């Protein structure tokens, strides 16, 4: 295989169906086809309940596809997971109650057998990044909702995974914190050139961060549009004021089927 | 609260053995009939009930009886009006007023199984047939020393009681003394009231009577075992050769196994004073045996303990031996210590006026 | 600190409150029984009579006082209970983990685990005795058998109570099973395990007393049954009833204390405290050093 | 591919059902397999070698079963006694234990100590509790059969009640995060918090407790029958027959006790499936 | 008391202090003074962890003030709570696992002894409102994050409470759903004239919905600015495009102390 643009995530004819209580099918994802190249930053956009989380979970091997094929880095999601190449920021912060904030951030590093020194160093760095330096020794229930979500993000960032999957990581955060983390996330992405799949329901955010926006339409979740974002790789906050940015936002907005769900 | 009234009255008359003669005219038959109709005959069950069943049957009464726990509380509160008691133990507790006693004195009366002709033989010494065959000298030596202990004990019951007490007996000293007296009577008197000098003797007639009653009143669900029981003969459950060997011996034995144990049928007390005396006086040592006395009264029956080899000898009742052998064990009685039944049915005469 | 003390007092207070309530009820009943029964001490003695028996110097058996007898018998029984309990705990725990790991093992074994519990001691004893050949070992094994089941059931329930999201998290990191247990399953199961242990503790003692009576040689069960059979003062029986109840309360509090100590959150809290103290000490030292230096 | 799945809703429904059936079958098949293995080992005397015991102490299953067959009527009389005790004791004990747990949960300050005291009841060994209860219930009825039953039911109720209390207390206290706050914003009276939040939340815990309470009720019934005044019941028969060295008969009754236990277990499973059907699956 | 503009919520010198694990004080709210009139729609804005939730909880009597005075409708928060006049939308959807979606929405109505008919009718209405009509019989675990949050909102709306306290109710929702719910919330407010205290970290949202924006600054949480929003009472989506709207947004943004946290 030649170096350069390899496929990071390949999704073919993916269907995911759940069953409700009376045994009827609930189609969460229908006939999804999507290719993501290595180093891309893809935003997944769509209304509530359209299947964004389900798609992310399927890529991460947390959900078996009912039908169709998913390949990550040319392998099955399971293989990639077992190689510990995924990072995942859950939609609701999944923190262990009995561990302090810093212990929660260390958790994956413990599992991946990082040196103690390294763990401490990175944890500290990440805590500063998300602005929770003073709260290292607090327990999750002593934090506000947004602070918990920041711990959740810090935990995933601490690892520098090959494939970073993020499920609405910033929606519980205020504008300023969000902006800061946008920039931090972009810097990390630039430096490490990892592949990022990012769920959001904020169109501005999707356009500002990503190289490609995928729009899902609901009931059942289908891929209704893919919009390439041709902004320069190095993004600056000011770009959001440019006409081109607004054009892109409008383009994405219009690509929603029927304009509403 | 039916039972309360009567017991309350009693509280007021405790100790005064005033009017008790009125019931004296009642025959034991009347008493048994009244109690049986009332459904208040008590026995412990668990293989101790055959004499009571035989007695009930003798008077054409049904075979129902209440399960008596090992206290006489049921008798005390009149839920059992005709209660089983061993002469040497429960009867003493009912009459006497030392610690644990109920203090009824002579105001209570009792029906004796020996008088009623339904007596069964109780405490014996047994082991497995295999053990006896493999260790004939050990068995003879053990019998020799044990009988010597019993002889001494029945002649000196007071001293025997003290010995029992010091061997970690569970019974108060006063009760121990009472027990020793009564046990001595059982060892030296037969079912007809004749004196016995030949301690340990296996009397043909008494044993046959015991086996016959056992066959009639032991009811087994297992049809194979039941058939086995019905075909049992005395020879299947006893072997007198060891006793003879012991009696004809000069007291020196070439024992095959010197460390032996005996499991008692009940708690350690003067019911088993012969063994404690033999141990205390060194009779076992003299015949080359190192004996351990294992207390009974537990849930693993003495027959099972002997059968599975946990202990070498055991003390049990002849009827228990019969049912064990019917069930498939192979045990033999080698000596019969108690020569008459110690079971009585005790009652308060005023309950039958 | 003050708050903490007040809380502790409250806790004790509620136990004492109940004990007093119970004692009052007991005494009222005892007075009543004293009037209507001929031998009330066999049915419901006064508490002061029991206390008197406990402190009495009169020997009840050979040369032992009632309390001496109970305590010496208790030593053997409690030792067996503790050993059996620990074995039962370990076995129950391992079984729960096995059942958690494999649904098939759970489905296969769970009903039988319960069955083992149903085979009465009397049925079990001869077989266990045949296997071990020793009455004391048999007793310990039977006590263990009777106490493993609550631990196994509760531990299993605890392991199953982990929120799915937390397992998903560990799944994403491809954590090894041992790590999933160490970091998520066990910490979550701790309170469950302890309520199993709390249920099993009196069961182990009950079992140990029960197996004492297999043979007549020593142990609380034996003197219990002896005194029940009026072979010795009935007050020995009442002493044992109270003694075992106290062991029960004691074990509940002991386990509660250990639980508080073992709760992962509290462990982390202690760590933080220690760290803070260390930091304070260090900064104090540094300050002193600075002062010393400046003085020089 | 997907069309096939989508074509017939019915077939899919049937499939879902059959998979549920397959699961249910698993709960029966796997224990059955192990049961068969044990049976074969036992019948072929392999078990006797493993346990180092003999045919006398541990008779062959065929012999035990044929004994059950030939004494079925007698056995049923005893089974009835034991069942009444177990069911009565469980119902009273569990209800009582649960009520105490509710009381303790609504006033934890005072209640917690009550729990410890209740735990103490459970620590009084059955062997001591049973004779005491016999004495205390002497005045309940002039019929020995009735008062004896009452005594046994009380003992079982005390033992199972303590266990139910400990477990359900946890279920009544460990609520989902902020659920209590939610109820507070509705100014829900204690009654409602109990009815809508605490009790539903405690149901899974109740079943954990029952899993322990049911076998321990049977065990307690068996032991307390040893001491009962009125002679009847599976436990009493076990003891009688063991003392008489009638091991086949004793094992017949032990087997019957196990059948009662398995029956109760199956009932419990069915009940828990029905009651907890809306709850997230555990594990 | 005269009808008209009564004080709905009165906060005086409010301080709330927590304790961390080493026993140190964490000041969540410091010297808050705020008056809210009946029928007002107040937005509470501030960075993550500044004390917004704590303020809301204190008003609702879920948190005792360390210091200071809170009065609601002239009474103590406790009295008002006991009169069942509060509605509260928690930041995380607090749904009972074992109840279906519709049963979860019915919960408070059951507690307040609504007639069965009424309960069913309102529940159905609310489900339509949040677009979950088809999911009435699902269990919370079968819903997406945003759908759960909508159930949470529907539950509070079903009651028509005097004082509605909402803690970031819409942050997990997509633009379209959010817009629809904005309009619905505003209609409800217009018609019933209830008092609403609304936490958000989205400035546009705050300006669009409220009559008054309160800005909290963090560490410790102080009220750093109060901006009156003089848009007409009846809001329309198009207003967001007007210059005045943008002015207000800018004004609020600038009122953040130092512009960042």
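Quick notes
A, B, C, D and E are the chain letters, set down in written order, and residue numbers restart from 1 in every chain.
Keep in mind that, in the parts below, a residue touches a chain if its C-beta (ideal position, glycine included) is under 8 Å from a C-beta of that chain, and two chains touch if they have at least 3 such contacts.
The shown structure was predicted, so the numbers you read here are calculated from the model rather than taken from an experiment.
Within the contact network of the assembly, the step distance from chain C to chain D comes to 1. Comparing the CA-atom centres of all chains against that of chain E, the greatest distance is found for B.
Chain centres were defined as the mean of their Cα atoms; on that basis the chain farthest from chain A turns out to be B.
Computed centre separation for the pair chain A/chain D is 48 angstrom, with centres defined by C-alpha atoms.
Between chain B and chain C the centroid-to-centroid distance comes to 41 Å (mean Cα coordinates, whole Å). Distance between chain B and chain E, defined via averaged C-alpha coordinates, is recorded as 86 Å. The set of chain C residues that touch two or more partner chains comprises 42-43, 121-122, 126, 130, 164, 213, 225, 228, 272. The residues of chain B that reach two or more other chains are 4, 69, 71, 73, 77, 299, 304, 308, listed in rising order. For chain D, residues that reach two or more other chains under the stated contact definition are 57, 131, 135, 177, 239, 242, 247, 280. For chain D in complex with chain C, the residues that touch the partner chain are 26-27, 30-31, 33-35, 38, 51-54, 57-58, 109-117, 119-128, 131-132, 135-136, 162-163, 166-167, 170, 174, 204-205, 208, 211-212, 214-216, 218-219, 222-223, 235, 238-239, 242, 247, 250-251, 254, 257-258, 260-262, 265, 280, 282-283. In the complex of the two chains, the chain D residues touching chain B come out as 56-57, 67, 70-71, 74, 131, 134-135, 138-139, 142, 144, 227-231, 236, 239-249, 252. Across the interface of their complex, chain A is touched by residues 163, 165-166, 168-176, 179, 183-184, 187, 263-265, 268, 272, 275 of chain C. Those residues of chain A that touch chain E in the complex are listed here as 18, 20-22, 26, 46-49, 52-53, 91-92, 100, 131, 137-139, 142-147, 149-150, 167-168, 171-177, 180, 201-203, 256, 259-261.
If you check the complex, the residues on chain E that touch chain C are 21-22, 141.
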